[in-house]
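Just below sit the structures, each encoded as C-alpha cells.
Next come two complexes, and both contain subunit A; in the first it sits with subunit B, in the second with subunit C.
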Partner chain A sequence: MLGFELSEPATLDEAFDLLADGDPGVRPMGGGTALMLMMKAQIFKPERLVSLRNVGGCFDGLRIDADRSHIRIGGMTTFAEIECSPMVLQHLPAVVRTMKTLANIRVRHVASVGGNLAHADPHLDLPPVWMTHAASIRIVSKTGERVIPVEDLFAGYYETTLEGGELIAEVIVPVRPEWTSTYVKVTTRSAHDWPALGIAVSANLQGRRVNDLRLVLSAALDRPTRLVAAENELRGSDLDEAALKRAGEAAVAEVDIHSDSRGSAAYKQHLLRVHLSRAMHSLVGV
Partner chain B sequence: MDALTVPNGKKGIGGSILRNEDERLLSGRSTFIADISQPGMWEIAFLRSPVAHANILSVTKPEGFEQRVFLLSDLGDIRPIQADSQAKGFRRSDYPALANDRVRFVGEPIAICLGRTRAEAEDLAQAVFVEFEELPAVSDLSQCRDPAYPPIHPGWNDNLFLETHIDVGDVDAARAKAAVSLTRQYRMNRQAIVSLEGRGVMSYIDERTGELVVYSSTQFPHVIRTALAHCLNMQERELRVVAPEVGGSFGVKNNLNPEEIAIAALTKKIRKPIRWVEDRREHLIAAPHAREHRYEVTVHADKDGLILGLEASIDVDAGAYSVWPWTSPMESGMAIGFLPGTYTISNYRATARTCASNKSPMGPYRGVGRPGACFAIERTIEELAVHLGLDPVEVRLRNYVRPDQFPWKSAGGKTYDNGNYAESAIAARDLIKPERLTELRQRYADSDYLIGLGYATYLEQTAHGTAEWVQRGLPVVFGYEQAALQMTPDGMLIIDVPIQNHGQGLETTLAQVANEELGIDPAQVVVRHGDTSMAPYGMGTFASRSMVMSGGAVGCASALLADKLRKIGAHLLQVQDSDVRLEDGFVVANASGGAKISLKEIAVAAFLRPERLPDDVDPGLSVVASYRTSRDTGAWSYGTHAAIVAVDRGTGMVHILDYVIAHDCGTIVNPMIVDGQMMGGLAQGIGTALYEEMPYSAEGQPLASTFMDYLVPGASEMPHTTIEHLCSPSPITRYGIKGMGEGGAIPPPASLCNAVNDAIRSLGASINETPMTPDRVLRALLDAQAGSATA
Partner chain C sequence: MTDARTIRFTLNGAPVSVSVMPHETLIEMLSLRLELKGARESCGQGLCGCCTVYVNGKSVSSCLYLAQLVDGANVVTIEGINDGARLDPVQEAFIEVGAFQCGFCTPGFIMMARELLDVHPNPTDDEIRHYLIGNLCRCSAYPEIVEAVKLAARRRAAGTAPALAQELSA
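This part shows the complex of A and B:
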C-alpha cells in the first residue's frame, strides 16, 4: 500500500484549497467508511484525503427552518445523529426506520450523510429514501453554491454530477405532514446481505386513493431511479390489486435490471412487482 | 434454544460445567498466529495465480528486490505434496509447494514475497511479472471426460481421479420385484469452509535447540511435523510444530498446506523469522473447498415403502489436486459408503466418480461427504413416501436397522455399532408436533406463505480407527491417541495431549474424564495441546474423534495414575491398598469414619519426600498411556432433525419457523458443550442448505471472494431450536462415548429441503439443489406454474 496524505482543514476555505481541481488522487472524505474499504481492497489509491470533520458550520448538525417547512441536515452529520434525533423521528419516521437495518452501529456512528451521497454506490439505502422524500442537496464550492434535487446528483455507477472541488453541504428535506413513506431493503438471502433491491415509496393518500406519490428503485440499477411510469399508473387512482399489478408491470418495463450474485434479472423483476405492491399496501396499513 | 442446559452440579462425566478455556477466549486475551511474533520477523504475501489454468512461461522479479521474492526453484530440494490413495486405478496429482511450470487453479501460490509489513509484501507481489500461456479451464463436472479439455495433470488421458463401484446383493432382482421404482437427481453445490480465523504460519529457527519451529493454525501438529519432515528432507527431531490458539477450523485446517511447506523451506534457507496470516480473500478462493456433489438415485420399493434395492451414480468435483492426507476420492468414497444410511438396504449398486477441475482442491469440512449422502437418501425416502401416499416417518420406521440387528454391516461396507434409529425419529416427531401443520396452514391461508414440514435422519461415524482408514486407502492410518499425565508436587494435574482444541471445549471435557477416575476437581487440571515438544505423538482433532480417542487415553492414563495414588495413599494411611478409594481430591480409607489424605500430601511424598513412599513404589507421578477403541470401525452417533418452514411464494424466501433435533451420541461428557456443538453444526448445515455457495465462471474464476458475495448465516438466521439427548452408550469405546462434532451439520440440507418441498408441492413444484436460494425456489415455483399452464 502506498502512502498518502491526510489533511483535516479547520475551515471550508482551507478545504477548497487542499482539493486540487481535477486530480483524481485527491478526494474529500466524510466518515471514510466506504473509502477505507476501497483503499484496503486497493481499488482506490489516494494521494491526499481531505477530511471535512473539522470544517463545521452548516456541514454539522440538524435544523428545522423557522417556518417548519424544511429540515436541513449537514453533510457531515452521522447516521447515528439522524437515527437518534427526535425531530427526524417526528417528521421523517421512515428515515429512522431505515437506519435500523443500515450497516451496523459502528458504521452508523462514523458514516456521514454527505459522504454517503457522494459515494454514489447504487446499493446504498439512504439515497432512495431521500429521493422519495423529494429532498434536495446544497452543493458548495470555492466559486459559489447550487441546490439540486437528490436524483440529479447521480450520473451512474459510483458516478455523480459533482464537479471537482464541489462539496455536499446540506441535505434539505421538505416536511410533508400529509405524506407517509417507507423503505424496503430487499435482501434475497440472509439479513446482513446487501440489498438486491431497495424500494422507497412515499405517498399522499386519502383512504385508498393516491393523491400523489414518489417511487424509487435502487440497488438493481446503476443509480437510484424514480419509477415515473409506475407512479403515473397509481397517481389519482385507488390502491387496488389491478392498479398495483399495472404499476408493477410499468416499473419492470421502464428500467433495465441486470443479473448479479444477488439474483438473476428475471428474479429481481419479479421481486420488484411483489415488493412494490407490498410496500404500497404497507402505507395504507393493509 | 429451548431448555438451555444449565450447570447441574456434577463435575465428572455427565456434568454440565462451565468451560475452563472460556475466560481467556471470551476476554480476547488468547494468542492466535496474528498475535505471535519473533524479533526481526518478516511478513509474507503470496503471489497467487489470477488464472485458472496456464503454463507459466516466465516470472520476473522486481528490480532491486530479487532477494525478497522466492520461487519454487529458490526453496532448495523439497518434495511436492503426494496424497496418493491406495485405491486401484487412482491417478496421482503432485501438488507443489509453489507452482513451477503450470498453475491449476485461481489462488494457487506462485511466489513468496517478503516485506516489513504485510502491505509492503503485497505491493511487492503486485510488482512481480508472470507470463502465462492460458489453457482451457475445467470448470464444470460435465467437462470431466470431455476431450475438448486437456488433462490437468501429466500422464492423464482425461480429468478423472478415480471411479469406484459397489455392487452388493441382487439389485436386478429387487428392481423386478419392486412395486415402485423412483429416480431423482440432486445437487449440492460447492462451498468455501469459513473459519473466523483464516490459516496462518509463523516460523523461525530456534538457535539453542537447532529446531526449525513452525507455528501453524492447524488441527494436527504432530502429523504436520511428520509430513514436513518428509517434504523438507529433515529428521522429525529437527522440527517442532506448534498450533497456538486456533480460531475455528471445521476441517479446513486439517490438511498439509503448500503454504506450510513453502514457509518452512524458506525459513530453513534464509534463517529469518517469517509469518503469513491469510486474509479473507485468500481464504475464500485458495483454501480447500467442500461439497460439490451430484447424484442420480433410484430406489426400488414395495407398495408399503419397504426398500428392496438402491442404485446411485455419484459425481464429485474434487478440484485441482489431491489433498494430504485425505486424498481426493474422500468425498465420493464417503458419499457412496454412506448413501444407504440408517436403512436395511442389502441390494445396492453404485458408481462414484472423483473428477478433477481447475478449482481449489476439495478438503474435509464438518460432515465430510455425509451431508451430500444424507441429502440424497433422505430426499429419496421422502419422495418415496409422497409417491406412495404414506407418512414419511412411517416409511422410515419400516426401513431402519433395528436395535437387535447390531452390529450392522451396511451395504456401503461400514459396520454400525449400535443405536435405536426409530426412537430418534419418534422423538423428533413428538417434538415438532406435525398436527400443528393444519392450524399453521389455516393461519397463513390468506398470505403468501406456504408451510411445510421435513425430516431427516443422519448417521455420523466417529472415532473410526485402523480398519476404516486402511479401507479408505489413506497414506496415514489414524488408529489411536496418547495422553501424558503428570501431577505437580502441589497436587495439581497437567495433561499433555496431541489432539487440538479449537472450540470443542476439550480442555474442560478431558479434565472431566480425569475427574471421573481421580476425583480431582476439573478446575485443578490443566490440559495442554498443540505442541509437538510437549505431548507424545498423536493424530490431532478431526472426524469427531477427540472425545472418544483422547478421552479414552486420558481415562487409561488416569486409571494408571489412580492406582499409584491409592497405593501411596494407603501406605500413608497405614491401610491395605484395596481398602481405599479416590474422592474429591483425597485418598479415603473405606472403613467407617475413615481417615483421608489429600492428593497434595501424596504428591509431596512422591516428588519431594521419597522416604515416605512404600519400598515398591518409584518416585514421581507421571504416566503416558495409549488408547484405541475395542473395535476400530467407529462409534456411530445418529439422530433425526425436523423443520417447519414458511416459503414466501412471492419471493422464494425460506423462513425456518421451528427446528428440532433428537440425537444420540452415547454417553455425554458435558451436555452443555454437546448443545453448543449441535447449534454450531446446525448453523453450518443451514449455511449449506440456504446460503453458502462458491460459484465459478466458465473461465474458472471464483465468483465469491469477499463476504459481500459469500454468505454465511448470522445470528438472525438461526431458528428457534429444541434439542433432545438420547443415550445408547457405544459398546466399543471407553465410557460408551461417541463423537458428535459433525452431526449437527449433516442433516439440515435434507430436513430443510424436505420441508421446502412439502411446502411447495401443492403448487406442483420441487427443488433438489442446495443452497436453496430464493432465486432457485422462485424459479421452481414459476417453472411449475409455466408447466401447468402449458399442460
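This part shows the complex of A and C:
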C-alpha cells in the first residue's frame, strides 16, 4: 500500500472536521476490511483515512426502542456483534442466517454495518436484506441529519447518494413479527464465491396468501433493486405455481441483467426465476 | 501523521512499543518488525486464514488490519498460546492426528480451532467445517483437521491434555 494519514478522532465533531474538505482521497473508515482490499490493489489511494471506531455514541451498539417498534444498529457495530445478538436473533432471524454465509468469522469480527452499506458493492449480502426488512439509515453531517430508506442510499456501482462529510450513524429496522424473511445467495462457481445473484424476500403471509411482500435482487445488477413488478404479481395472491411463474417472468422482464464472469445473462435470468420461486416456497415451509 | 507513530500494546502477554507507519498492516509489523513468523501473509485478502491472530480476544485477518489500530490492544499470536513448557491441546492434537502436510496454513487453523472450541466446546463436524470455512489448506488435510479439532475438544472437556501414552493405553 502507498502511504497515507490515519486519524482516529474521539468525537463526531472532530471526525466532521477531518472529513470536511471534500477531497475524494479523504475517506471515513468503518472496520476497513473492504477498503483494505481496494488499497492493497491500489484501486483506492487515500490521502487520509478517518477511522470512526472511537466516535462512540449512536455509532456503537444495538438497541431496541422502548415501544419495541424498531431495532437501531450503530454504524460501527460489527457483523459478529449482530450475529451473536439474542435480540437480533429473536426479531430479525434472517439477518443472523445471512451472516453465516457472509465472508468468514474473522472478517465479521471487524467489518462494520455502516461501512458495508457505504461501500455499495452490489454483490454484498446484507444491503438487500436490510431493504426487504424496510430498514432506514440515519445519516449525520456537520449541518444536521436525515433519515432515508436503505434503497435510496444506492446510486450505482459502488456509488451512494451520500454527500461529502455525511456519515451513516445507524441502521433502523422495524420489528415486524407478522413478516418472515430469507436471503438466498446463489453462487455459480465455488460454494463460497461472490454471488451471481442474491435474492432477499420478506413477506407477510396468511397461510399461502401473500398479504404484502418485498423482493430485492442484488449482485446481478449495479445496485440492489426492488423487484416491483414481481411483487405486484404476488401481492394479494395465493402462493401457487401459476403465481410464482408469473412473478418470475415479471422479475426477469423488469431488470436488465448483463453477462459476466459468473454467468451469461440468460443463465442468471433462469437462476432468478428458479430461486425466486424457491425462496418464496421456503417462507411457507413447503 | 503520514509519518511513523509509536504504538504501545500487549503482545503475547508482554508490553511492547513499536514505531509503525500508518499504511503498515498488522501482519507486516508482526513478521518484519517483531520477528514473529508464525502468522504469515498468504492470500492477502482475508480468505485463507494463514495470518490469523487475536486482537482483544477475537480472531482477525492481520493482513486486513492496520497496525496502528492495535495501539492499546491485547494481541496474541500462535507464539503466545502455550507457556513454553507444554503445547496447547489443539497444537498437540494437530501433531498427533497429523493434521497437516506442509504446515504453512497450520498456525492459522490452530488459532481458529481454539476460538471455535471456546464458542462450541463440543462441535459437530458441520460446526467445525463452517467455523473453519475461511481457512484454506492447499495440501487438503481437511479430514485430519476435523479429527484433530474433535480430539482437542475431548481433551479440553477432560480438563487437561493427557499425555499421549495415557490416551493410547486408555
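Criterion: the second predicted complex is superposed on the first by the 284 of 286 C-alpha atoms of A that agree within 3 Å, B and C clash if a C-alpha of one lies under 4 Å from a C-alpha of the other, contacts with A are read in each partner's own complex, and residues count from 1 in each chain.
Just so it is clear, contacts are C-beta pairs under 8 Å (C-beta built on N, C-alpha and C of every residue); 3 or more make two chains touch, one makes a residue touch a chain.
None of these values were measured; they are calculated from a predicted model.
Using the contact criterion defined above for the overlaid structures, shared-chain residue A:E5 touches subunit C, although it does not reach subunit B.
Contacts of A:L271 after superposition: subunit B is touched, whereas subunit C is not reached. In the superposed pair of complexes, A:G32 makes contact with subunit C only, with no contact to subunit B. More residues of subunit A are in touch with C than with the other of subunit B and subunit C.
Of the two partner chains placed around the shared chain by superposition, subunit B is the only one that A:G263 touches, whereas subunit C remains out of contact. Legend: residue contacts after superposition of the two complexes on their common chain; A:H192 is shown touching both subunit B and subunit C.
Applying the stated contact rule after C-alpha superposition, one finds that A:N104 touches subunit C and leaves subunit B untouched. Touch criterion not met for A:A66: it reaches neither subunit B nor subunit C. Shared interface residues of subunit A (contacting subunit B in one complex, subunit C in the other): 1-2, 192. Interface of subunit B with subunit A (complex): residues 119-120, 122-123, 448, 650-653, 690-691, 695, 703-704, 708-709, 711-714, 716-717, 773-775, 778-779, 782. Residues of subunit C touching subunit A in their complex: 1-2, 21-23, 25, 44-47, 49, 52, 58-61, 63-66, 68-69, 112, 115, 130-131, 133-135.
Residues of subunit A that touch subunit C in their complex: 1-8, 32-33, 36-37, 39-40, 49, 51, 53, 80, 100, 103-107, 109-110, 192. The part of subunit A that touches subunit B in the complex is made up of residues 1-2, 42, 186, 188-194, 261, 263-264, 267, 270-271, 274-275, 278.
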